[in-house]
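What follows is a pair of complexes built around subunit A, which joins subunit B in one and subunit C in the other.
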Partner chain A sequence: MKQPRRLAKWFVILLLLHGIVAAAGFFAPYDPVEQDREHPYLPPMHAHLIDAQGHIHARPFFYPLRPREGSFDQYEENTTTAVPLKFFESGAAYRLLGVLPSRLHLFGAEGGRIYLLGSDAFGRDQLSRILYGGQVSLLAGLLGAGVTLLLGALIGMAAGYFSGWRDEFLMRIAELFLALPWLYLLFALRAFLPLTVSPFDSFLLVVVVIGMVGWARPARLVRGVVLSVKERDFVRAARGFGASDLYLLRRHILPETAGVILTQAAILIPQFVLAEMTLSFLGLGVPEPLSSWGNLLASLQQYNVLVSYWWMYLPALAIVPFFLGYLRLASALQQRTVAYKIGEKDLWNPS
Partner chain B sequence: MRYLLRRTLHAVFLLLGVSLLTFLFSSLTPGNYFDEMRLNPQISPDTVAALRAQYQLDRPLPIRYLHWLNAVAHGELGFSFAYNTPVAPLLWVRARNTLLLTGTATILAWLVALPLGVWSAAQLGRAPDRVLSWATATLLVVPDLVLALGLLILAVRTGWFPTGGLVSVGFDELSPLHKLRDLVSHMTLPVVALVLGTLPMLVRHVRASVTEVLGAPFLRAARSHGISDRKLLYHYALRAAANPLISLFGFSVGTLLSGSLLVEVIMSWPGLGPLLLEAILARDLYVVIGGVLLSMLFLVAGNLFADVLLYWADPRIRIAASAK
Partner chain C sequence: MRKQRSFPRRCVITLSLILACASTTALPTLGSPLPQQTNPKEELLSLPGDIGHSGGRLVISLRAEPKTLNPLTAVDAPSREVIGAMQSDLVHINRATQLTEPALAKSWKISPDGLQYSLTLRLGLRFSDGHSLDADDVLFTFRVYLDENVHAAQRDQLIVGGKPITVRKVDAQTLVFQFAKPDGVEERLFDGFAILPRHLLEKPYQEGKLGQLWTTATPPSEWAGLGPFRLKEYVAGQKLVLERNPYYWKTDSKGNRLPYLDELVFLFVPSADAQVLRFQSGETDIISRLSAENFSVLGRQQRGYSMSDAGPGLEYNFLFFNLNDLGEKSSADLARKQKWFRDVRFRQAISAAVDREAIVRLVYQGRGAALWGPVTPGNRRWVNSSIPHSPRSLERARALLKEAGFSWSSSPNGESALLDPESKPVEFSILTSSSNADRTKMATLIQDDLKQLGMHIQVVPLEFRSLIDRVTQTKEYDACLLGLVSFDADPTPDLNVWLSSGGTHLWNPSQSHPATPWEAEIDRLMEQQLSTPGYDQRKKLYDRVQEILAENQPMIFLASPDILVGAKNSLANLHPAVLEPYVLWNVEQLYFRNGAESTGR
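What follows is the complex of A and B.
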C-alpha cells in the first residue's frame, strides 16, 4: 500500500478506537460504579437465539444467571425467564464527552442486567468499567506524552539552537535520563511523591510523573534537527534580515521539527498508557472507584481471583488494538519523514 | 586504549550523576520511613528524633551524600530501615535470583533469535519470512504486563507450572536432581514471559541487519566461488552484520538487573523487583538508592562491554580510535 494511504488508514482506525472510548457512556450499557452486590464475579453471559424449548427467536436474548444450588460463586442459567437484548435503550444517565447529558445507550436489556464480559467483586459491569477505564488510561497517556514532548521540544530546541555550554549541560542530563531504566525512574519519581491523595490528584500526579520520564529521547532528536536546520540558507537569510532568536525558532525551526515530534508522539503515547497501567496495577496510580486499565487488573494479584475468575483478565486485552494502531502509525510516520529528507537519514538514528 | 579509557571515565561520571539524581529526588520526598512511627502514641518523639539522628536523616543533603559516597567507597551501600540490616547483602541475595532468571532468559532469547533472524533474512519476502514477521509483529504489540498475566492465568488453570516463588516448600529435603527439576519448573513461567517479551525485538534486529549485508557484492562473489549457503549466512553475512547486534547484546547484558522488574512482581519471583517495590512503598531510602544504582551499574557495564566487543570485532573502530 502507498505511504500516505497507510498513514491515513491507521490514523482513522486509531481515531475510531479513541472515539469508542471517548463516548464510553453511549457504548457502555451501565454506570461503571453502579454495584450489584447480589451478583459478584458473574461470568460473561452468552447470547442465545434458540430458547430452552427449542424455539428460534429473531432477537438475541439472555438468560439471567442465578447461584447454583449449595454454591455461592458458581452460577447457572435460569431458563424460565428470558432477557431480550434491546438496542438504543434508555438507561443510566451520563454526560457524553463530559458535557452532553444523555440516557441513550447502544444496547441494554429489558427486565434484567446483562454482563457481556462478566462482573467484578462488587457486581459492577466489566464492559462498562473497561470502556470508562480506557478514558482514564488513554487520557493519562495522551497528556503524559504532551508534557514529555513539550519538555523535550523546548529542551531540544534550546540545546540545538544555543549550542556551547548550554548544549553540553542539557545533553549530559538527557544522557542520564536515557541511561536510567524508565520503569525505575517512574518508580523513583513516584516513590518520592505522596502515596495517599484524592483520585483526581493522583491522576494528575501520574500524568506529571509519566511526563517527566521520557523527555530525553525527543529532546535529542529535536536537537539533531535544529542543529542542521539552523545552518540552512533560509534561516541564515532570515537572520541576516534581523530576525530575532524567538522568531527564528518559532517561524522557521519549529515547523521543521514537526515530523520528529509527531513520530515520537506515536511511539510515546502507547508506552505512556502502559506506564499508567503499570503504576495503577501496582497500586501506585489511579485508585478505586475510578477505573483504569491498570487498576482493573490489580485484582489479579489475588490468587483466588486468578484461579477462579478468568474474565478479570479481559481488561488487559483492551490495550492490544491501541498498541497495534500506534505501532503502525509510528512506522508509517517514520518512513514518511525519512522519505521526505533523503540524504539526512543519519539524523533519525543519532549515535 | 585511550578509547576504552574515555568510555570508562564516561561510565563512572554517569554513575555519579545517577546517584546524585536519586539523592536529589529523595530530598524532595515529603516524609520518610520514621514518619509512620510519629503517629504511634507509644513511641515518644525523642525516640523518633534519636532514630533519625542515628540514620543521619537530620543532616543536610550534601553531607548525607558525601557520607554515603564514603560508605560506597568502602563497599557498603547504607542501612535498610525496614529490614534492619546492611543493604549490600540484602541486595546481593535478590540480585542473584534476578540474574539466575534474566541470565537464562537472555541466553535462551539470543539462541532462538539469531538463527530465526538469519533464516528469516535468507527467506526474505517468501512465505516463512512473512509468517515469522507476522508473528513477531503480533508479539510486539502484546505488552509485558498483558503477556505475564496471561501466562499466569494459563498456568493456574492448567496446573502445569507453579505460580510463584523460587522453590517449593520442602526444597531442602529433595535430592539434587529433584532440586534442579523443582527450580526449573519454578523458573519456566517467568523465563517464558521474558523470552517472549524480548524475542520479537531481537529477531527483527537480526533480520534487518543481515538483510542489509545480504545484497553486498562480497557475498555475491563468495557465492559464485561455490561457498555453501549455510556458511555464507552464518559465517560471512552474520559477521558482517554483527555491529548493531553487538550493541544490542550489550544492551541485553545491561538490562539483566532492570529488565525483569515487572515480570518478577507479577510472578512473585524473589528478585530485585519486588524488593525495590516494597522499599519504595515503605520509603526505605537506601534500599531504593542501592537497587537503582546496582542496576545502573549493570547497564553501564553492559554498554562498556559492548564497546569493548565492538573495538575487538570491528577494525574500523580501532583505526578511527587510534587516528584520534
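What follows is the complex of A and C.
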C-alpha cells in the first residue's frame, strides 16, 4: 500500500516539526525577549573543533564575538576564551507547552552566550525568536484553519442540503466574503479597537479575522459534495426509512465530505500561516517584544537591514519545511480520496 | 518649531528613472546679460572660503514635493529648504557659527533702550529678474508679513510685547524698526524673513491674492527673489530646477560673483531608503537627514563619495506622560495612572531607569548624544552644561518608587510586578509614530528597561497624524515618545513648547493657568528672557528653565541624533551644520573640483 505510507510519512514529519516549535522553550537556548545590548546584529557564530593553537577538541566550542574597535555591528572572534557547547543545560525559565515549568534547555554554553542564528537589533537570540515565533504563527494558522473549516463545513452543508433560497442566500454571502478587501477592512477594524490590545487579544483578533475570511471557499466545495451525495441511493434510502435531517447530515453526508475537508485543511493551514505572517509583517499581529514569523521579517522593511544582515532573512526559511510538509500531505490526502472514490464507484456500479 | 520628522513611506516610487532620460527644454534666460564682474556702485558681500570655479549642477533629493514657493505660507520642511536657496533675509544666522551676520542689510544699530533697530541696506541690490531693490520693498515685505489677512506663518515673531513692530523708511537705504518692548532675540529676528519684490507682488496683494501666489505652478517670469538661485523649471512629481541668480549679492574673496553652480536640482524622492539608493548610484550629489543605519551602509561602500558626521543636531527625543487635567472626561483607568504620572518621583524613577547610553548605541549606532535636558550639545551657546548627567541606576529608581509608596509583588517565576500605592499593578502604554523606526526602537528599549522595575509596558505604534490627534485633541493616551527639532539655536522658537499656554506644551497643552508651580516658574522665566536683551542675562534665565525641566521631568529626555551627511568627493566647500538647512546653508559657495560635473540629471 503506497498511498497510506506516504501519507503517514509526511504526517510524522509534520508532527515532529510542530513538536519542536511546541517545545520551543526546550529547544531554544534563551528567552526570546531577553536583550543583550552589547551584541546587536551579531552574525551567526561558527562552531569550532580546532582552536587557535591548533589543538583538536572533541566537544564543539565557540569563540565569543566582540565588536571591532569603533564599530557598531562588525564583530571579530575573541580567541582567548573558548565557550564550549553543552547539552541539556539549565538556563532561562520557561513553561513547556505552556504548563510544565522547567529550566532545562537542549543546549547552551558555559560562560557565554552563543548565537547559532545571530542576533537582532536588540541583541535578542534569533534562533529562540524563530522557535517561539513559530508557536504564534503556526497556532494562528491551525486555529484559523479550524475556524474556517468549521464555518465552511457548516455553511456548505446547510446550503447544499437545504438548497433553494437558503442555498442562494448563503452562497451570495460567500461571494460577498470573497470579494471584500480584507486587508483594508482589518486596518479599519484595528483603528476602532482600543489603543492597547493585550498580546493575547491581538492574537485572537488575527485568528478570528483570518478564520472569518477564508470560509467561503471550503463552503462552496463542501456544498458541491453535499449536493451530489444527498442524491445518492443510500441517502435516499435512509430518508425513505424516515431518518431526520440531522441524522442524515451527521451519519451519511458528513463522512462523505471528510476527504474534501481534510485536503482543504492541509492546504489552508500553510495559507493561513502566511496570512498571519503578512498581518504581523504589517504590524497588525502580536506586538513587540513577542515574536512571530511575520514580525521577525518586519525589520527587513528597512533598507539597511536588507543589505547588511543576511541572517535577518532566516525566519523566512523556517516556514519552508512546514509548507513543504503540508503541501505533500495535501497531495497525499487528495490521492487517497480519489483512490477511495474510484474504489467505491466500482463497488456501486459492478457493471 | 517644526513637528517631528516623520518619513511618510509612500509605496509609489516615482517614475523619475524614465524622466531622467527626458532632457529638459532650456527656458530663455530672463533679464539682462549676466553681470559677471562686480560693479563699483554695488556693495557686495565678500565671503571667505576656498575659491572655486563656476559651472556644474548639483542634484539633491527632497523627501516630499514642496507645497509652495511662497515664503509667506511655507510651513513644511521641503518648501522651506527650497525657498532657503531662492530667497534672502536682511540679517542672516550663519549656520556654522550660529551667530548673525549681515545679509541684505550691510549693518544695523540697536538703540540703547533696545526698542529701535536701524538697518542699512546694501547699495545696488537687484532681484533675480534684474529689478533693483530699495527700502520700499522692505517696507512692503513687512507690511505683508504683518497683515493678518495674509496669514503669514512667521507673523507671531513680529508681535513683540503684544504689539506688532512698526517699520519706517528713513531714506532709500535706511529703515527703522520700532519695537513696543525690547526683544531678547535681537537681530536674529530678521533671519527667515525673505524680502519680497514689490514690483511683482503689490498688485496681487491689493487684490488679496497673495496667499495663492507663487505656487509650484508659477512660471519663472512671474517669480523673483534675492537668493543665490532662481526658479527655472518645476516638473510636478519629479523635480524642481533652479538656476544661478546672476544678480546675487555675494562674491568670493577674489571678487568672483557667487554662486558657483549653474544649476541646483531638487529631485522628489519620497522614501529615505530610495534617497539612499539614488545617492549610491550617483544620481544625487548630496544626501542629508540620513539615519545612522543608512549612514553606516553608505559608509561601508564608499565609492566616490564621503560621509561626514556634523555632531548632534537640535532634535530632541523624549518620553512624556499624559498630565492633562481631564476632569470628568477622564476614564477611571487613566485617572488611576495619572496619579502615578503626576508624582514627580515616579517620573524621576523612570528617568533613572532609562538606559540612554543604550539608546544612543543601539538606535543611533553611537552617532548621537544622550540627553538629560531639552537643549542638545549641538546647541553650543544655550546648553546648560551643569545639568547632571546621571547614569542609569535601577537602585535609585527603586528607592524613588518606594518613597512614592510603590511596592513589589513576588511571583513564583521570580519576576516581581510593581504595585502602586493602591496595590494595583503598574501597567501603561507608550505611543510612538509607526513611521519612525528610531522612536519605535527607543520605546522597545524603554519597555525592557522598565520591565526590570516590574512595570508592564506596551508599545503602540500609531500613524503619526492619529498620534498627534490623541496627544493634542482627544488626550486619550498614557505616555508618548516623540521628538522635536528646534529650527534655531535660540530658545525663542521653543517658546510654544515650554510656555504652559503653548500648543506644543505636549504633556498638558494650552493651559489657561499653569497647572503646577514649576510650570508657572518656567512661564515667568521664558517671558523674562524674551524681553531681556543681552546673551548673558538670557542664558542665565534659560539655564534655570533647563534645570527646572531636568528636575521635574515633564519630559524624560532621551537622545539626540547626529546630523549625518554624505556628499560626492568632487564637491568642495561643503560644511554641514547642525542648523537647518544642514548642507545647503552655504549653497552659493559649493562648487565641483576640477570642473567635475554631476553625472546626475
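Assume the second predicted complex is superposed on the first by the 320 of 351 C-alpha atoms of A that agree within 3 Å, B and C clash if a C-alpha of one lies under 4 Å from a C-alpha of the other, contacts with A are read in each partner's own complex, and residues count from 1 in each chain.
Note that in this section contacts are C-beta pairs under 8 Å (C-beta built on N, C-alpha and C of every residue); 3 or more make two chains touch, one makes a residue touch a chain.
Everything numeric in this text was worked out from a predicted model, so none of it was measured.
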Inquiry  = For A:73, using the defined touch cut-off, is the partner it touches subunit B, subunit C, both, or neither? Pick first, second, both or neither.
reply    = second
Request  = For A:278, decide between first (touching subunit B), second (touching subunit C), both and neither.
outcome  = first
Query = If you stack the two complexes on chain A, which partner ends up touching A:58: first (subunit B), second (subunit C), both, or neither?
reply = neither
Task = Return first, second, both or neither, reflecting whether A:307 touches subunit B, subunit C, both chains, or no partner chain.
result = both
Message = Quick check for you: in the superposed arrangement, does A:327 touch first (subunit B), second (subunit C), both or neither?
response = first
Task = Please work out whether A:246 is in contact with subunit B alone, subunit C alone, both, or neither, and reply first, second, both or neither.
result = neither
Query = Counting only touches as set out at the top, which of subunit B and subunit C does A:99 meet: first, second, both, neither?
reply = neither
Inquiry  = One more residue to check, A:121. First (subunit B), second (subunit C), both or neither?
reply    = second
Note = Winner on subunit A touched-residue count between subunit B and subunit C: chain B
Ask   = So which bits of subunit A does subunit B touch that subunit C touches too?
value = 191, 195, 303, 307
Task = Name, in rising order, each residue of subunit A that touches subunit C in their complex.
result = 33, 35, 37, 40, 72-73, 93, 101, 121-123, 191, 195-196, 198, 283, 287-289, 302-305, 307-308
Inquiry  = Taking the touch rule as given, give the residues of subunit B at its contact with subunit A in the complex, in rising order.
reply    = 14, 17-18, 21-22, 25-26, 28-31, 137, 140-143, 145-146, 149-150, 152-153, 156-157, 163, 255, 258-259, 261-262, 265, 276-277, 280-281, 283, 288, 292, 295-296, 299-300
Request  = Note which residues of subunit C are touching subunit A in the complex, please.
outcome  = 272-273, 276-277, 291, 293-294, 296-297, 300, 355, 358, 361-362, 365-366, 413-414, 429, 431, 434, 437, 440-441, 444-445, 447-448, 458-462, 466, 470, 476-477
Request  = Enumerate the contact residues on subunit A facing subunit B in the complex.
outcome  = 172, 175-176, 179-181, 183-184, 187-195, 274, 277-278, 281-282, 297, 300, 303, 306-307, 310, 313, 316-317, 319-320, 323-324, 327
